[in-house]
Amino acid sequence: MGLEIENLKLQFGGIVALNGVSFKADDGELVAIVGPNGAGKTALLNCINGVYRPTAGHIRLDGRDLTTVPVDKIALAGVGRAFQHGEMFPHMTVTENLMVGRHLRMKSGIFASALYFGRARREEMEERKTIERIIDFFELYRYRDTLTGDLPYGVQKMVGVARALALEPKLLLLDEPSTGLMREEKENFARYLLRIRHEMKVAIIWVEHDMQMVTDLADRIVVLNYGEVIADGVPDVVRRIPKVIEAYLGAD
Amino acid sequence: MQKKFVFRGLAAATIAACLAGFSPAQAQDAYKIGYITDLSGPLASSYTPTWEGFELYIKALNDRGGIGGKKVDVVLDDDGLKADRAVAAAKKQTERDNVLGIFGLSLSSTQGPVYAEMRKIGVPVITTFSGILDALPPAQPFSYSTGVVFEVAGDAIGELIQNIKKGGKVVGMTIDSVGGRAALAHNKKLVLAAGGQWDEVIFPVATSDFTPFAQAANEKKPDIVVGHYGSGQNLGVIPALRRSGYTGPYVVASYGVTEDTIRAAAQRAGSGDNIFYVSRYSSAFDKNPSVAEVAAAQKKYGTSKPFSSMHVTGWALGKFAEEALKKCGWPCTRDKLDKIVQTLKVDMGGLTGGPIEMVAGDGYGPTYWRLYAWNAKSNEMEPKSGWVKREAKGYK
Amino acid sequence: MARAGTNLRTSYLESNEVLRRPYQKVLVGLILVAAVLLPGGSSDYFLHLINLCLLACIGALGLMMLTGFCGQISLGHAAFLAIGAFTTVILTVHLKLPFIVVVPAAAVTGAMIGFLVGLPSLRFRGVYLAISTLAMHYAIIFVATTYQAKFSASASAGITIPDPTIGPLKISGAPTWYYFLLVLLTFITIGCVNLVRTRPGRAWMAIRDRDIAAEALGINLTRYKLLAFMLSATLASVSGSLMAYYSNVVTVEAYTLDLAVIYVAMIIVGGMGSILGGLMGAFFITLLPYGIEHLFEFLPRAWRFGSTVFGVQVGAVGVCIILFLLLEPKGLAEIWRRTETYFDRWPFRYRPLDTTRR
Amino acid sequence: MEFVATVVILTCTYALLAAGIVILYKAGRVVNFAHGEIAIVGGYVFYSSGMMFSGGEMSPWLAVLGAIVFSVIMGAFIYATMMRRVVGEPFYVAILVTVGIAIVLKSAIIVIWRAQHLTIDVGIAPAIRLAGGATLSYMDVASVALTIAFFIALYLFFTFTRLGVQFRGTAENPLLASQRGVNVNLVLSLAWIIAVLAATLSGVLYGGRAFLSTESVTIGLAGLTAALVGGLDSLRGAVIGAFVVALAQYLTVRLIDPVLSEALPFLILLVVMSIRPWGLFGTVEELDRV
């Protein structure tokens, strides 16, 4: 089933950010979205995520229409997002950031938590274990108790991805996760990305600038330009479409 | 890392100050009494001169050699017109300073809690200004007042303004406080009883532009306007009333209003004509030996505020305190002092119309009130009536 | 369970502990013992000040949860305190209900008002929220003033509340109150500490740090913001109710905007986002004016300084706010943490691995 | 007539305050909670410097000089020692610093002026007689004239002077402005000086019409309300907002219940904020980008 986007339109006053965008992403599929600056990539993610309400069109996840669902309910429907600049909670530790990612999977209310006894405590411990697996996955051991605000930029972005994954999403939105990473970090990230794709059955929408990484890793590439989809297909095909070369490489 | 040191220093100094402050009280060889009032809050301009009058008296007393060779030591605290600070100060004075009684105090909102708290411990509290009924018969134990009670003042003013014009329309103005409303109610009762008409304008406590309120009062076409509030409001209302075109009589009910306030207000209003003043104690302009004595002390010791009837008020309280302590003897205790005060009668000379007189079950006694008029030419206050006596009675 | 050192933890339960190092447990134990023994060795006046501090602690923790943890700035805390006080008046004077009913009722009323005052937080952020709480403050105080004025002709001095009784026990006098407040505050502190290390606390902090990201992770902003307002108002209301019982008098004049600012000062000085800071700030700001007063007493002819002392007392709060915000934004809690680290590591100077402390 | 005069004068007082708040908001996204305190302290300084050398008689020139010196020193001091350091901190830091400043200024009134009620007696003689016996003083006339002059000067300054244009640039994008060689520190301290000057003027006018005391600092809240009602980033809005607040206050006193007039500005504020949170003339703040 996966994600279905149909004729999505987003308008701010007179500015058209998205103009009839349609594409699909199946479960376990890694779809990269590329395009020059201002093409509407982040706006698209904001629509899927519920931060922006699209002017027209539909967003469906596993057949459920998410177009008008508020942000927090979209997370509940199974959409996890890693933000462009990490958007960490800087005064919380890595562990706590990840635990926030588990928020939806937990139940303790304010009274149970205040008592911190019995079920609430057991639940905390359970989820702490789950988090440990994610820490393991992203090799974040040494940062467990560090405030995310104090982390290097690259690590922050990885924690951002980890936090989105902690949600156990059906759809993972990645907003330029490799931008600002160093070479070594980028390679690590590529490894994580492939593992996520293979080990967890999530659809991934991956907004990216690095064309080489995209062509190496993505299952499909969607190219946006001025809010419109100008190409959609497997990397080898998309790479050779003249319009894409013009829009993308011509801008360089 | 300089800031670190600054902060450690700050913290250390504060802690040290706290610790040093809480050392036990020392042995004493003087009558120790407490005085709490508002020296910095909204009503500081009224209560500072009252305190200064009290201070003058005690200074003069100590220079005379004190009471039976023992000096009188006053512990002063400022409550800033805040109830919690007043209570804390009273507790501190009774416990740390071991005072025999507490004098002064500001408005009803601070007196109530202090009266209540001190009643528990058994410390007599004698206030100068009192909007509170605790002191009126049937009086609560340990609660006394020698000054103005709103209800009594409203009563006295209702009668005294008949000297200005009989049976006209009176507009009472006050701030939105319970005391002010109570004063209005009693004022109204007497005006209506004398065949006059009544209307009122009540405005918020924190008002400081009085023009709209003055205009509202003027529109009611009054023959007399009475203002039941303190200095600040008079300073604002009088010019605003004159600006709005009202030139008729305006009566200042002296809830701590000083003569220089009226002078300033009159100056701003453009004219001091038709301003009246009802006072519980003699005006500073009165020519009698008792007031002259206060004036002499003021010249000798100096005060920060110009000489006013508030100094007379404080001086009268000082006189009352001396008499009480003298009767109490040495060593004096709180209970003994309270017993003395319960039935104390102190002659006030020319400070007011008669003695301050307490009888069992009455912490207030009969009071005397007088109408003054502002003389715009000499910029002085002139008596317009004799002293009117109000009996203390149940106002509750 | 094996322990290799003070920083090594061998279970998740341990890693979620508040007092992570052995000496911290000892220290807290010592403080508690000292607290229990305190009334034996001090005057009623001193205990009275401590009681004021304990009452302030309850209110400050309420504001800390709202502003320090949930990031919603509020200038309406004095109004919340007033809600507690006036609920107490209505329930004790009109309905003659006992203490044991009144205080929980005040808490519930506080929660309801907190809900209402929190509603604008769904729409406004930052400055606009601060100002809407300011507006709420005036609205609530206006109602309270009207009530007090209508209450009785002699209510200008405030409305008297009798000493509370729990069954046969009468809570009266500084030492009894002290123990009562100490126990209550201990429970409230434990509750708050538990909250901030579990799910709701993390949700609040997430909202405070980055509300958009928090929402994207499925945190219901409406629910948690309102919960924070309700919790804050509940604690403030309880504090106000107890203050009413403690001082035996309620008067609306006590609940000024200045009081709200004083509570804000407490959490700034203590350190935003720290329970310990909330407590330290409440003690510091409550004792500050008395400390200054005593400093002035060392000066000759102290009584001459009447209004200066008060002016300085007022100003000191402002100076504290400015200095802490500019120079030590994490407040007293951070100073304490640094001191602790220094002695913990002595004679070495490396930083500890865990940098959090709430 | 009288009604118009009162509302106009009240509008002037609030508009000056609101203008200062708007300028500061535009300059550094700071909402100044200390504006009422600054205004009243300015009034006290005006009074004291006028009385300084002239034994009882007020010297207007000295007073004006004192007020200007106060504005320059105060504005530059607040910016240089405090507001400059809160750039980049969470929004509440700047607000709370101004709250701290407010407290310190209030304590200054207590310590320096002993919390005295003061009135400023320059030009209080009746100048114009209105129908119904009401009068306007020279001060009242001057206050209106000065306010209008102030706003015209402000307009000219922002439109025609180099510094004014730089100010507008800085307000829009401080980073870009500093890259283009604008001395941002100079521009922002100037904003503070202008704001303090406007507040002082307002405090003086207020001290002439009513009185100065620790209580009168509440006019700051009326000014803040006016600024918010008009829109925090619009000078035109400041005047309109001031008019709305003044008119509403006056009408409540005369037609409904005088006692309500204290809480009224906030009620207006709640209404405006729930309909148009950005105020009547303000621009909608852009959403946070993620």
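First chain written, first letter: the chains are A, B, C and D, and each begins at residue 1.
Definition applied: a contact is a pair of C-beta atoms (placed from the backbone, for glycine too) under 8 Å apart; a residue touches a chain by one contact, two chains touch by 3 or more.
Since we're looking at a predicted model, the values are computed, not measured.
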**Request:** Could you run down the chains that neighbour subunit B and subunit D together?
**Result:** C
**Far-end chain from subunit D, centres as C-alpha averages** = A
**Prompt:** With chain centres defined as C-alpha means, what is the inter-centre distance between subunit B and subunit C in Å?
**Reply:** 36
**Fill in**
The distance between the C-alpha centres of subunit A and subunit D, rounded to whole Å, is 48
**Message:** Using Cα averages as centroids, what's the distance between subunit A and subunit C in whole Å?
**Reply:** 40
**Item:** Length of the line joining the C-alpha centres of subunit A and subunit B, rounded to whole Å
**Value:** 72
**Fill in**
Check: subunit C positions touching at least 2 other chains come out as 212-213, 307, 310-311, 314
**Complete:** The positions of subunit B in contact with two or more other chains are 39-41, 44, 48, 176
**Request:** Please list all residues of subunit D that touch 2 or more other chains.
**Result:** 110, 114-115, 262, 290
**Message:** Taking the touch rule as given, give the residues of subunit C at its contact with subunit A in the complex, in rising order.
**Reply:** 12-13, 15-16, 191-192, 194-195, 197-203, 205-206, 208-210, 212-221, 227, 231, 273, 353-356
**Asked** subunit B touches which residues of subunit D in the complex?
**Response** 2-3, 6, 9-10, 13, 110, 114-117, 119, 121, 124-126, 130, 132-137, 206, 209-211, 213-216, 218-219, 249-250, 253-254, 258-259, 261-262
**Asked** Across the complex, what residues on subunit B touch subunit C?
**Response** 3-4, 6-8, 10-11, 13-15, 17-18, 20-22, 24, 39-41, 44, 48, 51, 74-76, 78, 80-85, 87-88, 91-92, 94-96, 107-109, 111-113, 115-117, 131-134, 150-151, 176-179, 181-182, 185, 396
**Asked** Taking the complex as given, what residues does subunit A use to touch subunit C?
**Response** 49-51, 71-76, 80-81, 83, 87-93, 96, 99-101, 103-104, 106, 108-110, 113-116, 120-121, 123-125, 128-129, 132, 145-147, 150, 163-164, 167
**Prompt:** In the complex of these two chains, what residues of subunit D are touching subunit C?
**Reply:** 31, 82, 85-86, 89, 91-93, 95-97, 99-111, 114-115, 221, 224, 228, 232, 260, 262-263, 266-267, 269-270, 273-274, 277, 288, 290
